[in-house]
Amino acid sequence: MRKLVSSVLATIGVLVSTSALAQPIKIGAPQPMTGPDAPFGDKFKKAYTMAREEINAAGGVNGRKLEILIEDHQAKNQLAATVAEKLITEEKVLVMTGGRGSGQAIEIASVCQRLKTPYLVDHPSADMITSKGFEWVFRNNPTGSIYPMAFSDFITNYPGAMPKSAAVVYDNTLFGKTIGGAVIKILKAKNVSVVADEAYPVNTLDFKPTMTKVKATNPDVVLLVAVATTDAILLTRHAKEMGLTPRAFVGFGGGFGVADFASQLGPLAENVFSSAAWSGNPNDPKTKAFYEKFHAKYAIWPHEHEVEGYSAIYILADALKRAKLTGDLDADREAIRKALLATDMTTVFGKVKFGNWTGPLGDAYTNQNVYSPGQSVMAQWKGGQLLNVWPKAFAETALVFPEPVKK
Amino acid sequence: METFAQSLVSGVLTGALYAMIGIGLTVVFGVMRIINLAHGEMVMLGMFGAFWSQKLWKLDPFVSILVWAPLMFVAGMLLYRLLLRKIIPGGELNTLLYTAGLSLLIANLALFAWTGDYRTISLSYGITPFRPLGIAIAVPLAVAFVLAILITVTLWLFLSRTDLGRAIRATSQNPEASVLMGIDVERVAMVTFGLGTALAGAAGVLLAPSLYLYPTVGELLIVKCFVIVVLGGLGSVPGAIAGGILLGVVESLGAVYVSGTYKDGIGFVLFLAVLLYRPSGLFGAGR
Amino acid sequence: MTRRLLPALLGVAVLVAIPLSIRNSFFLHVCILILMWTVLGAAWNVLGGFAGQVSFGHAALFAVGAYTTIILYLKGGLAPWWGIPLGGLAAALVSVPIGLLCFRLRGPYFALATLAVAEIVKLVALNWESVTAGSVGYLITTLPPVRLFGLEVNWEGKPPFFAAAAVLAVVALLTTGWLRNSRLGAYLVAIRENEDAAEAVGIDTVRAKVVTLALSAFLAGMGGGFYAFYFRYVDPDAVAGIGLSMEMVFIAVVGGLGTVGGPLIGAVFLTAVAELVRDRFQMGHLIFYGLFMMLVIRFMPEGIWGRVRRLTPGARTGG
């Protein structure tokens, strides 16, 4: 009798688990779909959708389709924690990605760590996310303190690029302070005198006074950090209006890399550098093909965000393929975490392998992409287009330096 | 010295635009004793008006003020008639909370309609500044400055030379006596609210080319606006002008001579100090 | 008396029953949010509803509580059940000078002053890096192991947080209930209705208002402390933003100004609206907040709870 019961139970167990296996694999992705950051949420949605459609069309993951559940967090920390909680406990997603803002990503990471669900960070850059020892949190993209690495490489290795003096202007957000701090540290290590060190509140209406002050110090290069596109645009506009003529303007942060920057500034954008996380190596045929494909589908050229979002889904699909899924939620999440730890692949964003190492500002990273330091590039605005110029291996065009003096 | 002169000039120019925003709020307060928390959203609507005029009709943003100011005037009167009139007798706190709700509603509807994208207006003549005496002055800001002065003078003429204008000022000074004098307070209130809204819209149009716009920009502006009207004395038009320019200059000099992140703090500290020690405003013109 | 005791007992019974009977952790999470917002709405209501002093800066007090609690825990290892009341106490202390300054102003002037105070507090949080960690903020990664009645408290689960939030909400509502029947409460109503008259009959209005603000700050600060432990991450934008102040106002107004049960109703309503709107319409719930706030002030200035109470015959003295 007991044998019979147990065999019946076993059969039921098999039935249950096979039916669970036939269902799509759910990936949760909190993103700002409404509110001030909504344009970014939309970028990720497009990228995720494209990756999902491709993977599913090619037979899915071991025969199972992928399903990506995007939940709106409106760029609010509290809501990010709430929707992460909902995705994990209600929707029972196997793995999480997304986040967009660093504050929201920290909340999501904290929830995922607590509920033992793997979380692949695809864009948020705060060092803290992977430096708190969260073993359930992985990050493909470079951290904030890595953003200026290409710039550091440029001034060291490009003949005559080492500045005599530098002005650093950064916003007082987490992003701005991290990068401003990293830039100043790099400059000091190379004995460059920092003649102006100016922090400003985000969404400043008028940079003319700040720029007047900067101009008085007569810096050799001007380094601008802005998390907000509006600040990036006004910083550049007001710097040029005030008549600053350094050898180079170098921008750090998303705002210096978006199409708006050129369209709003027109000729003022010409020759401004942008040192940031890259959008993949444009000389890599696979990455190039992705740009074309994305453009054909959505009629916009993908940048940082789209490339990161698209790659994240491929990284997850790869891990899901290697993980032995049983239908038991806890065991499966653990299996995926193990699989992510063994990730070693190349996406359109670049190579990825997660490891524990120390960042440029001394942060002890956990599960941070070990190839991150090489995934920062310097690009330059030319005729309304942002083209990679440094390091040479990833360059799309020759760089203009120093900035030609007008009239 | 050049640094000082430069920051003083840009402070005055920006301050004049701040003053424009403040005047609208202060006029409404003077007559109706209400603080319109949705004032910043009205400025925002003006900014978007300028933006869409250029985008859709290829209209110069500064010219579009001829469309938007009258339109906002009518919108303001309607808003008063249909929504506010019933609320105001409920007391100033109810009105304050009501306009807070209105502000949330307008900003978030705009967010829904236009997304959170930040937009800027680029003008062909706005790129290179002119430099009298070596001081850089951005063209759009200079144009806005001149227009702001024109609008303010016109407003002043209206308030001092026309019957309706005098009625507004009388109500502002003494509502009870105005009723006794046979002034139709209801009508005065409606016109005043329209006027305040139109001024906010006009300020938005003027600001737009020098700034960027996004649906929640009002939040940023309204706080500055409070500082301005309190500095100048709530209800006082000359006070708002002085307060606006003062704030512009203080912010501008502060950014140069004090750390940039504390810049906004100076405004608030000044604001609190004035509220506490000179509630009638720095110039004693308001009440 | 029984009329008042019965709903209170019923409420406590529901609070005890929820975590015992419901295993759905997301549902519990929503309940915790409701309780947290009840505390915050009640905090605002004490000052705004009873004393008629509209504050647009309560986020500042919330922030003081949140920072105090999280700093005491991370730097001093002080457990949550000490940290949260201390956070409330810190907020109350900070509120005294704020009150002494701002209460020299009345009506809209007071509201504007609180707005400025909140902005200054946010700037301080952003710039005083040695204490607040600036924009980086503080993150709690682990909570202390605790045994209660011989059982290990599971910080990864919801029940301990539910219990904490429930206690805070009960404290907040009891405080409000006490206030309404106290002499101070009567003073406050007098101040709300006519401040000059209140002064004329010998009420020390400034003192009454400062004490009330401290009470309100204590509750808001404990709410902040709870937030720090539950969400585990505190940064200036999250805890000191003007949006947070506005949500507190919204709860109190929609629920019913100057009522005891109002904030609870407001919090349920707010959380439900936010969840529904997010789920169904994919648009910002703030559109609806704004609309509801206008509708409520226009058509039921006494709030939902106030309206319900008025419609229940003979219940005018209860609730």
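Read from first to last, the chains carry the letters A, B and C; within each, the first residue is number 1.
Note that a contact is a pair of C-beta atoms (placed from the backbone, for glycine too) under 8 Å apart; a residue touches a chain by one contact, two chains touch by 3 or more.
Computed from a predicted model, the values in this text were never measured in an experiment.
For the interfaces A-C and A-B, the C-beta contact count is higher for A-B. With respect to subunit B, maximal separation of chain centres occurs for A (centres as means of Cα atoms).
Per-chain Cα centroids separate subunit B from subunit C by 33 Å. With each centre defined as the average position of its C-alpha atoms, the distance from subunit A to subunit C rounds to 36 Å. With centres set at the average Cα position, the gap from subunit A to subunit B is 39 Å.
In subunit B, the residues that touch at least two other chains are 111-112, 261, 264.
With touch defined as above, residues shared between interfaces to two or more other chains in subunit C number as follows: 123, 126-127, 283-284.
For subunit A, the set of residues touching two or more other chains reads 34-35, 172, 201.
Of all the residues in subunit A, the ones that touch subunit B in their complex are 34-39, 172, 198-201, 203-206, 208-210, 212-213, 215-216, 228-230, 233-234, 241-243, 260, 263-268. Considering their complex, residues 24-26, 29-30, 33, 123, 126-127, 134-137, 139, 141, 156, 227, 231-233, 235, 237-238, 278, 282-284 of subunit C touch subunit A.
For subunit B in complex with subunit C, the touching residues are 34-35, 83, 86-87, 90, 92-94, 96-98, 100-109, 111-112, 219, 223, 226-227, 230, 234, 261-262, 264-265, 268-269, 271-272, 275-276, 279. Across the interface of their complex, subunit A is touched by residues 2-3, 6-7, 10-11, 14, 111-112, 115-118, 120, 122, 127, 129, 131, 136, 138, 211-212, 214-216, 220, 251-256, 259-261, 263-264 of subunit B. For subunit C in complex with subunit B, the touching residues are 52, 54, 56, 101, 104-105, 107-109, 111-113, 115-117, 119-120, 123, 126-127, 242, 246, 249, 253, 283-284, 286-287, 289-294, 297-298, 301.
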